[in-house]
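What follows is a group of structures, each given as structure tokens.
Presented sequentially are two complexes of chain A, the first with chain B as partner and the second with chain C.
Here is the complex of A and B:
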């Protein structure tokens, strides 16, 4: 099957869920469907933006044949650092540069954490699952230790932290960040040497070695990018929740992996797309929204998602074979 | 005349588009050592694995003790008293010696619980029989290669095997282990066990075998008693393929020396020396495992050089990675295009441009037009047939896949190109295209090293042919004066004239 059709297939799944959501949507007093209200649709986008961003980077990791379990812990570390920089350190700077500094520091530390994952995987040749499992545990510990395992409240006053939160929880900013990241990552994968190398390494690492591709450097970059996007997601998380929570982002890695594989990326690497991942993220987001609008128990929601994940991947597998 | 234990006739087997066996036959008598010989790819291992039930034949007749038998699985073979010792020794490395022997063994009645003492008792007589003294509870991985082979044989004996198939059993053994193995085989024969010994090592065959069957291109050429044949006759039977390949190496004045290899020693090579000139095609002949691919690995930075040296254009070369070798102008088309060469889910064009991404990109961004243009030129040069440059490479025929891999290296314009068995498993027309390409490269002043398992191909394409045997150069022939028989003798017979 040509790639166009394969991609159309996950679009079809998204469309089906979208239609179902419209049909079963509760109706407002004026007869309109709540699901279709602009506010609800943008809510969906805002809700998926953080996981969506992480999924973009996770797509690259999985394309190389790897996995990154540490994204949730990196997000927590970034969230905690952002809140700490904003509330506990008082540089004699303007609000603007204070906020910029806090974000830059949190994202830099996150990127560094991702880079360390990449270096360990590429040079020690330990499996990505093991390395990122270890950093998932270790970084969570670091986040809790730095914060004494307490939420760092950002508050709603007129101080720099509150201003930061007010700005970066705007729907336009959050959704814009996701859209921007999606555009950048799509371009990276489809239009650059780096993206080509990512796919080639995941497709056949041995052949990539025989072709002289820079395998180690590429892997370090891929995991660094995951750290970077998890860090950005962490900053937005702090704004959205008005706090730096060292226990944030638990199980985000699993949601991100689910979005990537629903989007048709092969877990063994080499095959996949950013558009697929975006569709996968949207499917999960619309599904959640649809179930919540209809007051479905959140535990039942998890069960339904479980079925969707297996079905989505099984259908694509059959068709691709 | 002793009667036949196993008679096999008209066996056909295809793997995908490639015919591995075409009407092969084999007749093994009770209590004999029967050697199965043939060149690389002649079908020896396939035939052995069919008899052992590890591979199912597409067609064929099988008689055991004169009665028709169906061998559809290893279990069927076990019931008939047939066992195989695979080249890779299919043991479970983390299970114990005793567990390895009883698992799947119809002669050991295992209850639902593992009873280790009973297992050990069951194993002891067979381990003694093969002369393996070890603790039956230690893991198989703790044994040396030679001892693991003895364990595999003990396992076969414990299954009441009357026919033991051994696929290249000495390929990973040292001399003393080979002696012990031969002693064991003679002991088995004296107890009435038949042994089918798959090998292409001439000296071993004459030491151990009673009769020899030769396969060529999936067909049985004939069976000879070892006592009344000679290495010369067997080689003739093995290579008797007609030289149907038109053309031959162009007579060319040699250019200057481009590559000088002196006393090159690696983990698998011993003191290999040769020179390579511009415009020259140097053939490399030898059996699988003789060090042909390892020569490429050393030149291409995939294996560490332990001794001797390489000079490229007079400058020392000791690449530590393919990248480094590529920068110096060396290209390598690996032996196995599926596992070492192509990215099977990427498109034809993407596969072709993979070694030259830096050239088709600007500031890291791929330039599609540039990529297409470069692909067009090389695709014409190779007579590459594909539905579209964007088609997935996995949809192409073997020959066209090989051309895609060649395209990748041609785009790099290497000074020295190492081709490791580039025509393996591809059709005749594609082979001719590849021969023409090799000629064109040589005519353009490039140097080519061509590894091949097909001697006519080497005689057709090369100016000189270097023969490797067990990591050493045993001969370098001028193609004009070389014969298939002479090359085969240098590749197989110890102490052949060099």
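Here is the complex of A and C:
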């Protein structure tokens, strides 16, 4: 099947769920469908933005044939650092520079954590699953140790932390960050040499090595980018939840992997796309919203999602064959 | 193609099975639960379901945030779109839920905040219990028991603590220490952290038992941890040397009251589910046009000892638990 048709297929799945959501949507008092309210549709986009951003980076990781289990822990570390920086450190700074530096510090540490993953994977030649499993555990410990196991609350007053939260929990900013990241990652993958190298490594690492592609450097970059986006997601998480919670982001790696896989990226690497991942994220988001709007029992919700994941991958198999 | 059909049909069938419950005009009460997986919260759900089921004009919808702040915020947002007649929220964490509960109030939905506080009074009423008072009650019981045993208040106490930084842990500890600190001959010889979990408490208590040749009382910040400590002592044949005191006092065969009847715990202190009060106040808010709830209701604890355990078991056991 030509690539255009293949991509059309995942869109068709999204469209089917979207139409179903419209059809079964409960109706508001004025006769309109609640699902289609602008507020509800933007709710969905905001709710998928954090996992969506992590999924973008996870697409790159999976394309190289790797996996990153540490994204949730990196998010927790970033969230904790953001809140600690804003509430405890450097109280004399002006609001603007304080916020800018808090974000920069949290994102820098997250990127560094990702880079360390990459270096360990590329130079020690340990499997990505094991390296990132270790950092998932270790970074969670670091986040808990830094915060002494406490949530760093961000209040609702007039201090710098409260202003940060008020600004960065705005729907427009959260959705904008996701859209911006999506645009950058799509361009990276589809329009740059780096993107082709990422695919080539996952497709056939030996061949890529013999062709002289910079495999190590590419891997370090890919895991650094994952750290970076998980860090950005962590900053937004701090704002959205008004706290730096060292227990944040547990199991987010699984949600991200699910979105990537539903979007048609092959878990073995080499094949996949950013647009597919965005569709995958949207499918999970619309599905969750549809089930919640119809008051489907949350245990049943999990079972339905399980079915969707398996069916989605079954459809991918058909088209990849 | 067939697969895609299956995909769509699967969703539709699941939804029809789960979603099409309420066609008649009923008042919808939406309950956002922090985490169904905790026994205390499962008991809340069971009791609330039973109490609202007695009123045919009300339909209760429960969502489960699975201990995830972002998920709970999203679920409350979805509830706001549905405009329920009443919203009850058992917040997972203070800071994270504050803003979204404010949005519900702004949307004109009456909100009951259940059991856990939030940072701003974004609710119509807040119904909760007092963990400091419970800590004091438990400590007074411990003092009385030691007085009985030695003729004077002295002895060695082991405190088993819940998840650090959580309100319940902080205040059950603080209340108990307020009382115990008055008796210099009562010593807290160890206070390991077991995160509310029975299995962890058993491991921590085993270590304590190795180090402490003489223990009089174990005070578990919840019943499962007190039971875990009991199991550790039993394994070493030392369970008769000391008494075990817990907090929560849930009904049902797995709850702490049963453990008092079985002679495992010397006493437990009921941490009220707060649900009966919430349903009573909620129904008045729905049905009595002029009714204005108090801003806050504080519910008292009850002591459960072998003398009253059977009666308490009847009272606090909810069908279907």
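In this text, the second predicted complex is superposed on the first by the 320 of 321 C-alpha atoms of A that agree within 3 Å, B and C clash if a C-alpha of one lies under 4 Å from a C-alpha of the other, contacts with A are read in each partner's own complex, and residues count from 1 in each chain.
One rule holds in what follows: contacts are C-beta pairs under 8 Å (C-beta built on N, C-alpha and C of every residue); 3 or more make two chains touch, one makes a residue touch a chain.
On a predicted model such as this, the values are computed, not experimentally measured, just so you know.
With the C-alpha superposition on chain A as described, chain C and chain B fit side by side in the combined arrangement. When the two complexes are overlaid on their common chain A, residue A:267 makes contact with neither chain B nor chain C. In the superposed three-chain model, the partner touching more residues of chain A is C, compared with the other of chain B and chain C.
In the superposition on chain A, A:93 makes contact with neither chain B nor chain C.
Contacts of A:207 after superposition: chain B is touched, whereas chain C is not reached. When the two complexes are overlaid on their common chain A, residue A:191 makes contact with chain B while staying clear of chain C.
In the superposition on chain A, A:298 makes contact with chain C only, while chain B stays out of contact range.
Of the two partner chains placed by the overlay, only chain B lies in contact with A:199; chain C stays clear of it. Once both structures are overlaid on their shared chain A, chain B and chain C have a minimum Cα-Cα separation of 23 Å. On chain A, the positions that touch chain C within their shared complex are 9, 12-13, 16-17, 20, 24, 26, 28-29, 34, 37, 39-40, 43, 47, 50, 148-151, 153-156, 169, 237, 240-243, 245, 248, 250, 287-300, 303-304, 307-308, 311-312, 314-315, 318. Those residues of chain C that touch chain A in the complex are listed here as 3-4, 6-8, 10-12, 14-15, 18-19, 21, 36, 61-64, 66, 68-70, 73-75, 77-78, 81-83, 93-96, 98-99, 119-120, 163-165. Chain A meets chain B in the complex at residues 191-194, 196-197, 199-200, 203-204, 206-214, 266, 270-271. Residues 300, 302, 321-323, 325-326, 332, 334, 339-346, 350, 354-355, 357-358, 361, 364-366, 408 of chain B are the ones that touch chain A when the two sit in their complex.
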